[in-house]
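Paired with chain B in one complex and with chain C in the other, chain A is shared by the two complexes that follow.
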Partner chain A sequence: MSSITVSARGVYQTDEDFLSEVFADSVPKSQVVWLKGELRQSLSDILGHDYNGLRIRYWRDQNKSVWILEEIGKEQPITFGVVISKQKVEAVKVLAFRESRGDEIRHPAFTQQFEQVTLDGNKLDRQIDGISGATLSVWAMTSVVRMALYLDKFTSS
Partner chain B sequence: MTFKKTALAFSLMTAIGAAQAATPSNEEIWQMLQKMQQQMAEVQQQNQALKAENQTLKNKVDATEQTAREASATAEALAVATEEAVKTASFNANKTSIGGYGELHYNNLEGKNGASDLDEMDFHRFVLFFGHEFNDRLRLFSELELEHSIAGDGKGGEIELEQAYLEYDINNQHRVKGGLFLMPVGIINETHEPATFYGTERNPVEKNIIPATWWEGGVMFSGQLAQGFSYDIAATSGLSAKDSKYKIRDGRQKVSGANAENFAYTGRLKWTAIPGIELAATVNYQEEFGQENSNGFMGDAGSATLFETHAVIEQGNFGLRALYATWDVDGSGPKAYGSDEQTGWYIEPSYRINENFGVFARYNEWDNQAGNSTDSEYEQIDLGVNWWPHKDVVVKVDYQDQDAPAGKEQDGINVGLGYQF
Partner chain C sequence: MNRRMRRIHRILGATIALFVLMLASTGILLNHTSDLKLDQRYLTWDWLLSHYGVTELQPDAVFLIDNKVISQFGQQLFVDATPVLQESRPLKGGVSQGETFVLATDEALLIFTADGEFVEKMTSSSGVPAMIQNIGLFHGDPVVQTRDGLWRSDFMLEQWEKLSLQGVGWSVAQSMPDSVAEQLQHYFHGKGISVERVVLDIHNGHIVGQYGPWLLDGIGALLLILSLTGIWMWAKRLG
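Up next is the complex of A and B:
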């Protein structure tokens, strides 16, 4: 679904390649969580606005769940791939970046800060150091990671 | 069928049994056989009816399965189409974007030893951004600002076009912009939305030395040389000395009928490879700071060179900003006034108590006549707090202690209210 508005510019990895990489080529069948009622409200609280879409597709095997989510940085949607294992972030990656500024968030030096992060209430359990000039992209990634952790918990229960 | 054969055999046996008990006549046997034949015909008829009913049911089940499959496919198609429609609508809406920021200031400063008091409430800046994506590679960005609330003849305010440029992505690493844009220098010149910095007023060093907010018309190439290592290089309109004080800030022509007989060139390198750390340095070269300005003043000044460097560090709750900037202005005019060197620096440690509160302290020093021994140096200490009720909204309170030349002082409280969207 996330490939609808992806242009050639700034697509660093396709959804399919990301999934193959995470699941070592045995990608489980995708599942869907419908965004309604309390779940939609909780995601709105995390993002500060409504999430565009009726449902979210995800992939889960015995060890991990994978979420491909979009959030606006300044003006354009950024596509993130988030891997959650045991309710902690295993990895986060920028799959597509369409803004003209702030793509430093895709560098490993920044994304590594999210490894092993979990939720403390609705917030992340540790401070993420920002990048000067990329504040809005940093906020987008932080929100998406919170959202993925919440969705993982919601769909596990 | 097995059941029916069994029933028939049982009837015969019963009949034989009965015959043995009381031997029926031929007529009776004939009637019995007739009756049995009739029963068999009825059973066969029922069987046919059941078969037909069974087939009808099977057909119905198949039809229901087909309908369910079709309904599921329709629901899937509907969900996909709705999601695509929402995304397309939002993508189209996002092609033109609107944003802005604003800040209301209250200053209550007491002047000593000849310095003036300042008791003022001022809506310092009301700014609107308009952007438009022509396509994936080409975009427009503009910023229109109303300063001090009312503009016009005899009014204290101004309407200013601070940015209006087209930007084109050459490839994923490099881009070029043309038009009117903010100069790539300092910490607050390009990013100055009120929620992004401490202190009600922008720091006096960048204001008086750099001079922020500083924009020019021209062309600029920007891009990445390596991960977290970027450059900007620009050729633009230049500054033009306003009067014989040769103060850099007064030399801004604001791209308003600006004299472009001589150009200026700017280069910046910025390093942000470690999250929370920015190190940058800018050099700006003005071909002719003494070029004739719109008032007809033509200075005895030659070229001018700015060197600026700064660090922005944010690690956990601690923050630190430090900046140094200096101008070297050629020519007999600036030399005579001491403005051949204009220099300043500041250091600003801060601590974020939580998501909503932060405190800071800042020491500033600047001198627009550092080229001679005249007492012309300013020192200012700021202490204050920012309260963010929302990440895009801020309330600021700070205390300033300013020591100006000739023993003058201007001390007091500043209060600010700001927003961005």
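Up next is the complex of A and C:
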């Protein structure tokens, strides 16, 4: 099967390439978690709105899980890739950015803030510094990281 | 002089009588907008909507799956007249799988329940073939046509095998049914143009475009001349 073409504007890395990078070309079979009951409600609380979708796909290999999630920044969905290891963030990346502004969140100088972050209740255990002019994108990334940490905890329990 | 003034007065009076009737009647209507509920009554005449720049709906894609009308307007996907998902890639087709239906873009498969609730977007990272051109069914199994051949899966859509076969029932684009088009028209354009807006635009001249207010200004000037000639004749008679 041929790899997906990087043609869309603002696609920095394809989902496939991200997974290959994380799992060193030995990508495990994907799994799905169905969003029902308390889980669905918790995700709504984290995002501040209902999650549009009945299930979420993820990839897990031993203690590491990978989540490819989308969240609206201002008007357009931003695609994030989040790697969780031992219930802490190992890495977060912007895979596709479709907004006209706010893409500064993709720079490592910003994303490094999330490394080793974990959940304290339903919130992150560390304050994340914002970026002037990219507030909504920062919020979207923070929500998605919280969501990935929550889902990792839920699916590993 | 007096005869000439009377002639001017008569011609002006006849010329602007219709405008005076129009201004007076629309003015009275506007004074009673709330009583007559003109702001709550709407007109949906095609020519009027067109005049106000409300153009006819032009979906980018329409597919009929079971009893559902699936359409795409820009980045918005609709199931019947309900917005369900933002999708930037163009819709290529869709097939029913009983309890679910599957839509295909060139990069992903979008899974929905039979009721139209979004389940999941599956991309090449989930094993879905890339560069999809169409989707169809072969003996109930989903088949996608891509640039490098045909791929067949099962209802899980996770394992795909390449194959060559005939007799696939491909998804075919359709035209929008009138009933759904009407609901979508309502979604995009609201209820129509309010009667109050139309009456106000007739009253101030905006109904005929950017030069309408200038036309009304001209009528106003003629009314001034009519009044002045009337006063002049009246004063002459008194004198």
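Operating definition for what follows: the second predicted complex is superposed on the first by the 150 of 157 C-alpha atoms of A that agree within 3 Å, B and C clash if a C-alpha of one lies under 4 Å from a C-alpha of the other, contacts with A are read in each partner's own complex, and residues count from 1 in each chain.
Assume a residue touches a chain if its C-beta (ideal position, glycine included) is under 8 Å from a C-beta of that chain, and two chains touch if they have at least 3 such contacts.
Just so it is clear, the structure is predicted and the values come from calculations on it, not from any experiment.
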item: Fit or clash - chain C, chain B, common chain A; value: clash
item: Which of chain B and chain C A:L19 touches, first, second, both or neither; value: second
item: First (chain B), second (chain C), both or neither touched by A:I68; value: second
item: Contacts of A:S100 with chain B and chain C, given as first, second, both or neither; value: first
item: Touching partner for A:A109 - first (chain B), second (chain C), both, neither; value: first
item: Contacts of A:G10 with chain B and chain C, given as first, second, both or neither; value: first
item: Touched partner set for A:R55, first chain B, second chain C, both or neither; value: both
item: Contact breadth on chain A, by residue count: chain C or chain B; value: B
item: First, second, both or neither for A:T135, with chain B first and chain C second; value: first
item: Which of chain B and chain C A:S30 touches, first, second, both or neither; value: second
item: Touching both chain B and chain C, residues of chain A; value: 1, 4-5, 8, 52-55, 72, 76-77, 98
item: Touching residues (chain side chain A, partner chain B) in the complex; value: 1, 4-5, 7-10, 52-55, 72, 74-77, 98, 100, 104, 107, 109-110, 113, 127-135, 139
item: Residue ranges of chain C in contact with chain A within the complex; value: 75, 84-86, 88-89, 107, 113, 117-127, 129-131, 148, 158, 160
item: Residues on chain A engaged by chain C in the complex (per definition of touch); value: 1-5, 8, 14-16, 18-19, 29-30, 32, 52-57, 68, 72, 76-77, 98
item: Of chain B, residues touching chain A in the complex; value: 79-80, 82-84, 86-88, 90-91, 94, 97, 131, 133, 136-137, 139, 167, 169, 172, 175, 190-191, 196, 227-228, 270, 272-278, 312, 314-317, 391
